[in-house]
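We just call them A, B and C in the order they show up, numbering each chain from 1.
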Amino acid sequence: MNALSTMMLLPILGTLLLAVIPSDQVLRIKQAALATTLLVAISGVLTWFNFNAADTSFQFVQSVAWIPSFGINYAVGVDGLSLVLILMSVLLAPIVVLAGWKESEGGRWSAKVFYMLILVLETMMIGVFAATDVFLFYVIFEAMLIPVYFLIGGYGTGDRAAAAVKFLLYSLFGGLLMLASIIGLYVISGANGGHTFDINKLSELHNYMSPTTQNLLFLGFFIAFAIKAPLWPLHTWLPDAASSATPGTSVLLLGVLDKVGTFGMIRFCLTLFPDASKTFTPIIITLAVISIIYGAFLAIGATDIKRLIAYTSISHFGFITMGIFAMTTQGHSGATLYMFNHGFSTAALFIVAGWMAARRGSSTIADFGGLQRVTPVMAWSFFIAGMSSLALPGLSSFVSEFLVLVGTFTRYPVAAVIATFGIVLAALYILIPVQKALHGPTTPGNENLPDLNLREKIAIAPVMAIIIVLGFYPSPLLNVINPASAHVLEVQGFTDPTPAEGADK
Amino acid sequence: MNPYNYLYLAALLFTIGAVGVVVRRNAIVVFMCVELMLNAANLTLVTFSRINGTLDGQVVAFFTMVVAACEVVVGLAIIVTIYRSRRSASVDDASLLKR
Amino acid sequence: MTTSTSLAYLIALPLAGAVILLLAGRKADKWGHLLATALSASSFGVGIYQLTQMLAREPEERAFSQKLFSWISVGTFNVDAGLLLDQLSICFVLLITGVGTLIHIYSISYMSHDPDRRRFFAYLNLFIAAMLLLVLGDSYLNLYVGWEGVGLASYLLIGFWNQKPAYATASKKAFVMNRIGDMGLSFAIMIAFATLGTVSFSGVKEASETASTAALTGIGIMLLVAAAGKSAQFPLQAWLGDAMAGPTPVSALIHAATMVTAGVYLITRSNFIFDAAPTAQLLVVIVGAITLTFGALVGTAKDDIKKALAASTMSQIGYMILAAGLGPAGYAFAIMHLLTHGFFKAGMFLGAGSVMHGMNDQVNMRRYGALRKFMPITFATFGLGYLAIIGVPPFAGFYSKDAIIETAFNAGGLKGILLGSTALLGAAITAFYMTRVMVLTFTSPERWEEDQHPHESPFLMWLPMAVLAVGSVTTGYLFTRGDGLVHWLEPVFGEHGEHEEFLPAIVVSGMAITAVIIGVAIALIKYQFSDVDAEAPENVTEFTRIARRDLFQDSFNESIFMRPGQVLTRFFVKVDDSVVDGTVRLVGRTALSAGSELRKTQTGFARSYAALILIGAVVLIAAIWVVTQ
C-alpha cells in the first residue's frame, strides 16, 4: 500500500481504537494515542529513507477517482518540500502527546475526545502536505480548522472561546478567497484542455491566463496563505489563539498549521502563477520585512510568555516568506529548512513555556524569577530553545536564517539589510524573558516549583537533539530540499544572480 | 373546456388562502388557509400535467397530498397543545420565539 | 596546503568537557573541574604538537587544513566545516589553550567555595572550544560560529552570578551589543558572497585581487563593525566595563586575553581585504586611535580595580586595532601586542582576583593599600605585569607597544604624526593610571574597611600568576629576537617593503620612555606622596566626573538607542492592539451590530412572517417578470 496513504490511515485507525476504549481509562487512552503517533513517526522516517532526493517529480504517488464528474481525485505524492514538512509534522506529534500528557484533563470534554481530535488532525496534517489535487488540498485545508477549533475552544485557557472563533473566522475568510480562486482555475482548465484539479496539469495553465486573471487568482491563494502563515497585517488571530490554546495545540498550530501557509505559497502561488508571483514580489517582500521587524518589536513588548512566542513566530514567518519570494536557491532552500527548524525550536519554546505556566499557574513573565536555580533542567531547555529562536550559530535556526538572508541579499539587498536588524531584536526578545524568568533572585511563588520529570525530559530531549545536530549537520535535510527548490525556481525561470566579481578594476 | 380556467381558479384559491393566512388570527383558520394554498398548488400541477400530457405533475401532486396529510397531523397536534396550555388558538398569542 | 587529521581534536576535547559537565549535572561536582582542566591542558598539548609539526616544515608549507564535512551547500553557496591552522592561528591556539589552562588551574582554587563550580568549568570549556573554532575556522561563516559561540560563553560567564539583577543585566547588555557587531559580520559575509561568490578565507583572498574597491570597502567596514562589537572598540565599547560582573578568572581569560582580541584576529585575518580598501583601513585606524585614548581616559578615574583594568584592556586593544589598521607594516605588531598583552593583562586580572580573594571581594581600590606586605607574591607578579603594560624596557609591553608607536609615526605625513602622538599620549596616560592602580593597591597606606584580614592566595592561584608574570617579562624579547614573530607571520601577511622612517627608532623609543616616566611621576606625586581618600572625593574636576561616567557612553546609548527603542516598542504594541487588531475587531463588531439591527424584524408574530414571505414572493415574481420582458 502507498506509504503516504498508510501514514494518513494510521491515525484514523488510532482514532477508532480510542473510540472503543472507555472514557474513564485515561491512561490507556493516552498510551494508545502515543503509540499511534509513534507508529506514524516511524513510518514517516521510513518514507524519508525510501525517498529518492535526486528525482524532482512527485514520489509515492497514488491517485484514486473521488468525484469523477468534476475531475476530482484523491491524489497524493511528495517532493522534497512536502516530505520535509511531513517528517516535521509526524515527529512533532508524539512529542506533543508526550509533553502535554496532562493538558487533556480539565477541558470541556474528556481526554478521549482530545486525543481523537489530535489524531484526526495528524491525518490531515499529512494529507494537506501530500495532496497533489488542488481540491483535495482545499478540503483538508478547511477541514483542519475543525479539530483545531475544538482543541482551542474545548481545552484552552483564558478567553478560549473567543480566540477559537477568531481563529476560525479568520481562516474561513481566507479559505473562501482560495475557494473562489480554485473554482476560477477549474473553469479556466475546462476551457483549455479539460476540467482538472491536478496540480501538475494546472501548473501549465498560466500560459493561457491574462495577467489580470492570474493576478486575481494569485491573490485569492496568497491572502489565504498569508492569513495562515501569518503575515503582517493579517496576524492578529495568532497571539490570541496561541496563548489560549493548550501548549500542545499551540505547537501544532504554530509548528505545522502555519507552515501550510508558507508551504502553499511555494506549492501553489509560485507554481501556478509564476508571472503574478513576480508582479507581487516587491509588495510581499515589503510585507515580510515589516513582519520581521514588527513581530520582533511586539515580542519585546509582550508581557505574556505565550504571546511573546507567538509574536516571535510572526517575525520568523516574515523570514520564511522573504526567503520564498527572494527567488534564489539559497532563499528557497533556506525558507524550507526554516520551516522545519522553526517547527522544532518553537515547539521547544512553547512546550517549556507551557510547563512553566502549568507549574506557576500563570504565563505572565513578571510572575517568574530565578528559575535557573530552582528548576535548572527546565531553565536550560528554555534557554537552548530560545538560543535557537534567536538563530545562534551552531543551532539549527542559524543555518536556515542565514541562508534566507544571504539568498535575499543577492537579489534584494535593502530588504536583507533591514531584516538583519531583526537579529539584534531577536537577541532582545529572547534575553529579556530569559533574564526576567530564569535569572535574578528567586521571587516568591517560585521557590518550590518542581523540575522536569522523566516523562518531560524524554519529551524535550529529541527536540533539543534535533536543534543541535541540525545546526552542525543540516546536509541530510538540505540534500532533499535543494533539488526541490531548484526545480521550483527552474519552473519559475529564475537563476541565481552571479557574483559581480571584479566588476571594475 | 379551456384548461387555463383551472389555472385562474387555482390562482384565485391561492390568493384567498394567502390573504387568509395573513389576516386571520385563529390558528385553525390559518391552517385551513394553508391547506387551501397547498391544494391550489395541487390544482396547478394537475392542470399543467393535463396541458403537457405528462404524468409528472400528477406524481408531484400526490407527494403534496402526503406532505399535507403529515402537516395536518403535526400541525393540529401543536395547535391542540397550545390551546390546552394557553386557552387560546390565536397565532398572535404564540409569539414566544421572539427574544 | 597540507591536510591534517588532528586539528579537530583541539576543539573536540574542550567541547566534550563542556558537554559532559553540563549533562552530568551534580554528579560531576566532585571531579568536573579536574576533567575540564585536563581537557583544556590536553588541547594545549595538541597545540604544541601542531607547532612542532609546523616548525619541521618550510615556512610556505606550514599551514594545515582539515575538512570535516560539508556544512551548508545550496546552489553556489558552499561552506565546508573546515579548519585551517596557519602561522597566525597557531599563535592564538597556544594563547587560548595555554592561558586558558592556567586560568582553569587558578579557578579550581578561586571558585572552590562556589556551589556551582562545575557549571563554571563547563562554561570555561565551552568558551575554549568556541574560541578555538573562531581562530581555526577556514571561512568567515565558520568563524561566525565561533564568534557567536564565544559571545554565548561570555554571556553565560558574565551572568554566572545572575541571581544579582545587575549582573544579569550586564550579561544581557554584553550579548546585545555583541549582536550589533555580529550583524556587521553578517553583512560582511553577505556582501562577500554577493560580490565575490565565496565566503572562505582562501576564496575571498583570491577574489579580492580582482574585486572592486567598493565591494572590498563595504566588506572591510562591516568587518570593522564586527570587530568593534567583539573587541569593545568605539562606538560599541560600553559593554566591557559592565562585563566585569563575571568572576575574575573570566575577566582575565575572556575579557582581557582572548575573546576581546578576536576583533584584532578578524582584521588581521582579513588583511587581503583591508590592504585593497584604504578607506576601510583608515576607519580602522581612527577607531583604534579613538578607543585607545577613550579607554585610557576612563581608566584614570575608575576606583573599581577590575573596571580600571577593563578600561585599560579597551585601550590596549585600541593599540592593536590601530596597528592592524596600519597595513602590512602593522599586522605582525598588532599580533605581537596581542600576545604580550594576553600574558600581562591576564596576569594582572588574576592578581586583582587574588587581591579580592584576600580582601573579602572588595573591589574598591580606595579601600586597599599597603597590600605589598601581606601579599608579596601577588605584588610581585602584578608588579611585573604593570612594568610590562606601561612599557618599561626590557619587559614585554615595551617591545610590542614601541613597535606600534614607531609604525604609527612611520605611517607618513600628518596622519603619521597624529597617530604617533595619540599613541604616545596613550602610553603616558597608561603609565599614569596603571601606576595609580599599583600605588592605591599595594604601596600606599592602608585604608581598609573593618574586619579585613588580607592574606596571600593559595598555591593553585599564585602558580598561574607566576607563569604569566614570567611571560610578561620574557615574551617581548623572545618575539622580537631576530624579528622572529614578524618573519613567522610573513606567509600570512605577506612581506612588506622597507618603510621610510619618520624618526629613527631610537628617538621614538626615547620619546615613549619619556612619556612613561612623565605618567608614572604624576601618578606617584598624586597618590604615593599625598594622602588618598577612602571615599571617592566629590569636589573633583569636570573631567574626572565625566571619566567616572565612562565619558557618558551609557547615557549616550540610553538616550539614542534604548529609550527610543522602548518608545518604539510601546508604539508598536499600541498600534497592533488599536489599529491592526482594532480593525479586525471593528469588522466583528459591525457584523454583530448589523445582526442585532436585523433581528428587530423578527417580531415573533407568525402572521407578519407570513406577510413578509408573501411580499417577498410577489416582489420576486415581479422582478422576474420585469427582467424577462
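FYI, contacts are C-beta pairs under 8 Å (C-beta built on N, C-alpha and C of every residue); 3 or more make two chains touch, one makes a residue touch a chain.
Given the structure is predicted, the values throughout are model-derived calculations rather than measurements.
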item: Touch-based graph of the chains, sorted into line, ring, star, complete or other; value: line
item: Chain pair with the most C-beta contacts; value: A-C
item: Distance-to-centre winner among chains (Cα means, whole assembly as reference); value: A
item: Euclidean distance of C-alpha centroids - chain A vs chain C, Å; value: 37
item: Approximate Å spacing (C-alpha centroids) for the pair chain A, chain B; value: 57
item: Where chain B and chain C are represented by their mean Cα positions, the distance between them in whole Å; value: 91
item: Chain C-facing residues of chain B, complex; value: 18, 21-23, 25, 30, 91-92, 94-99
item: Complex contact set, residues of chain C against chain B; value: 599, 602-607, 610-611, 614
item: Residues of chain C touching chain A in the complex; value: 22, 25, 69-77, 81, 141, 144-145, 147-149, 152, 159, 162-165, 168-169, 171-172, 175-176, 179-180, 182-183, 186-187, 189-191, 193-198, 207, 210-213, 215, 568-570, 572-573, 576, 580-581, 583-584, 588
item: Chain C contact footprint on chain A (complex, rising order); value: 166, 169-170, 232-233, 235-237, 294, 297-298, 300-302, 328-330, 333-334, 370, 372-373, 376, 380, 387, 392-394, 398-399, 402-403, 405-407, 409-410, 413, 416-417, 420-421, 423-424, 427-428, 431-432, 434-435, 439-442, 472-475, 478, 482, 486, 496-505
